[in-house]
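The first chain written gets the first letter, and so on, giving A, B, C and D; residue counts start at 1 in each chain.
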């Protein structure tokens, strides 16, 4: 069975996903596209050689009879509306992060999904599909490190544009870690604190960079994450889990090892798309397969909600300089 | 367009390839299968949920109207016959190594393919599709190491069964390196020598293990390959290219890095199928895409022939203990 | 010139230092020893084949005419008394950490040393003499990383005895980092915070383990140190300095790299004495050479005082759970 | 006891050794120096602040009453004469490699030493004192790798001057490996072969570079050594011992690990003196201690002889292109 997919939002990530569905993955076909910029939607369809209908708006696309599932890759503030409409229309929906720009928006989606009676939404936290993180998850679950006690992590980008401001370090950058650690540890957050080290000269005026985020989980695991988005040297994701019996570090991305010009070296990636390219493939294939089988998995609306709540508290902690507590509502049995 | 594929030989590698065509790759469908053991062919079709016809023999499968392309994964000595039949039937054929068990057999295929007037055959040298080797090829081609001068390599297996005898170190094991180095260096072999170190106590009586194979190319590159098929510790493929300006080493397969029990360690793979799983995927997808586009690439009959000639000389060198010269016939313009 | 040294305290570290002065270093000779346990002092002298006089008490040893310099390796609470006596007697003194068990005690030494008019005291912060840390210092000073912004560090021991209690994580363990970071960064501390992650099952009842210590410097560098003294797997000192232009990590101690039993591995040290053996050699040789030349350097009384002040605030922060500010008195020109 | 040392030859290595005896090591004092260039001998004495007598010639220096032991660091062709004179004078002698420039010269020394009735000579094969090689020796001797089967090695220099010609790749460069492998394996050589890969464009006209040397030991271990003296990128010594149960690699020299400018890198040394600086220290201290104790160890005249014989055969193999056999005379019980 081929899953017929409608894509809402044909910007960079929308086009990337459309390309992989069309050229790399199996069992999915893009039959409908729309974008706030209609020309761009058409251009993408042409570029990828899609025989897809270009819709005026997302709502019509969602309702179209030949659309089995919806991909929401539009501007963040529009996510909630489209996800709700997809649930309403009884269609599976893959939503890029954020699920919604407010915790309340996420809650609305959760309520709608519970009412629908089955999992309809997969959120685009692709790290859960990265081979390195999956190894880490397996090792933790198999108790090979003993109980996890601490995580040391870093999220580093070579640089960010001027429109990137301090809270985006949480909402755009740390958001991935916020989901990943919950999943790795099977745990929830209890408190957050944000520390601002001396600012790098490479940061624009409206962003504090780097930042250090400290998280505490319900089970007592303590996490420190360096968020450094103008680190200059590359795109670098580090994660080290310290357990009672030992420590595991995420693998470095594959590179040749050189002996040249006085250095023993390997290359560091510059581009997050390359770092997680395979994870995006596996993530979307899982969605397509789930739709085909009538049962989707992966990061749920609840996970999107939990990340949103934690993110909001982290932004509050940026502002207060204090340790701020994170209160997660009780998890509905639906998401157990 | 979906490429309809017939599979001849449903042993381990035949089943693996069928599985990936069915479950992982795009645009290919297995519509016909056959095996010397008919029950096994049927069992595989059942296991994979194929709606494929089970044929009594490879010849009938090849001639079937609904078979667009043929996968030859049968016992080595039968390869020549099936590849020739596929060419005769005008059907693209993917042939696992060896292309034929004799250089003469390979030559027959070459002659038939030239007569057919276009590339019909892709040989299963999957390393050319491995991400690490591709990085190495790119670096050499971009002249980042200067002219290559030497290659140091190792091909190590944890153990081999009793039926594995000394010449298999060449025909079954080194054969991959024989193709890979020609491709990496864009060069041909000029001589071979085989050295037998002290034998490991873990080797069975009929196999000299380890062996060291020394190869010389036409351009003067010197290559040493350790073949060690009872190394105990894992499946380990090493390749270091030494150039005028620097050296590049193949990456280690991805692993978490542990600090545990007094060791800083990472895992070494035990299984060649895991090592080259992704390469097999890319290789077969390239074949399917090539068939769909009416133009296949990758390792050619000529490459299969060249590896066979070099392999035969290596076996001669095992027996003589001498430096043996390798004479490659002139390459037809067809394979330029 | 041979420097004639008197050793006060012949416990483990006293014996180690005496051994290296006698067997490894140049230009030093141990001519006098004393210990609260006189038999042990004699036994050490015999073990090392010293022709040293055994004194009843440290004060007499310090005053002895043939003692040029004093090594204080006795029980911590006695350090202040002996260091003051040595200064009084006009003799150079090497004092193992802590310089004194209270900041006030350190201050007394500083006042005495200033009154003496020249540097008389070298404090046993041996990391400044470790080849890896020296590389790090050179790289920072040469501005190769740009301005330092953060340090991520870890101090891990395989296990500690039952008498090790929570504040010792600061006074006995972190104390080395407290000195090292001041020296690396040429900076002072401004605040401290201590976080207690979930406790490892391997820790005794009277010690919170692991701990995470967060330090802020005057220049705004933020430091996180994991102190984990029952980590099981080895003695492991990590230090990563994150600068505006790049990051440098302390080297791993030298080990063979193994491929064995499914693992690519190297050994992790188990014993801090092995980790810093060379540093101890260099440190004590520097002291002996300094005494011979009439001008000693290295960690000063002021450095011992600064570490003591920071350590006291860290213990306060252990108790309060709050961010505690660290107030360093103005540095006298004497120690500029 | 202080060992009074006379130094014959005050060129680079002579000055280095004199410096370390004077400034770094214990229990040795340089009391006499001589050089074919008397001014240079005086200059070195002045530079190092030695109160040493400058002799007109080596013979007089050797006979001087206040010289306990002799260091021969003069031009290679003069070694034999001075070593023989030292034995004749009953004085311990440390001789830089080569022991003599001909196997016959080495044999003369052996005969004289046997006649003297005790070990008088230590040859300057410093790698036996390198911490990495010592780890390797320990691991082999403890049988942790099982029986050694192969060694893969490389000896790379960034560049060599124009006077460096093809046979020097053996006599000046490989000579260290020739001793090291005998010692690591406790074995002797049986045959040698030299292969010339394509020549690097960076080599001068009178040196074939790189070269690959293949050695066979009596126990059947097979060794390949890449000698590449214009490799450009650094001074790099590699050694990998492949045993029945696993493999061990020599550690890389200590370096910080950087993340900078798109690279994860560590520094490669450029200078062999830095690479083996510590080994030189340990080597010479062992000699001094041996002299003081009246019993020296380390690389013997026999080891110098064995390396000379193997070196001569390697040069023969350079010329013949054939596998040449190495015949070691029976080892006298004296050197058992």
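By our rule, a contact is a pair of C-beta atoms (placed from the backbone, for glycine too) under 8 Å apart; a residue touches a chain by one contact, two chains touch by 3 or more.
Quick caveat, the model's predicted, so the values are computed rather than measured.
Q: Have a look at B-D versus C-D and report the one with more C-beta pairs in contact.
A: The greater number of contacts lies at B-D.
Q: With centres defined as the mean of C-alpha atoms, identify the chain lying farthest from subunit C.
A: With centres defined by C-alpha atoms, farthest from subunit C sits B.
Q: When the centre of a chain is set as the mean of its C-alpha atoms, what distance in Å lies between subunit C and subunit D?
A: 38
Q: How big is the gap, in whole Å, between where the Cα atoms of subunit B centre and where those of subunit D centre?
A: Averaging C-alpha atoms per chain gives centres 45 Å apart.
Q: Find every residue in subunit D that makes contact with two or more other chains and list them.
A: 232-233, 245-247, 255, 259-261, 266
Q: Which residues of subunit B touch subunit C in their complex?
A: 232-234, 236, 252, 255, 259-268, 270
Q: Quick one: which bits of subunit A touch subunit B in the complex? Just the residue numbers, please.
A: Contact set of subunit A toward subunit B: 24-26, 131-132, 135-136, 139, 144-145, 245-251, 254-261, 266.
Q: Give the list of subunit B residues in touch with subunit D in this complex.
A: Per the touch definition, subunit B meets subunit D at residues 146-150, 152, 195-202, 210, 212, 214, 216, 219-222, 224, 226, 228, 231-233, 242, 244-247.
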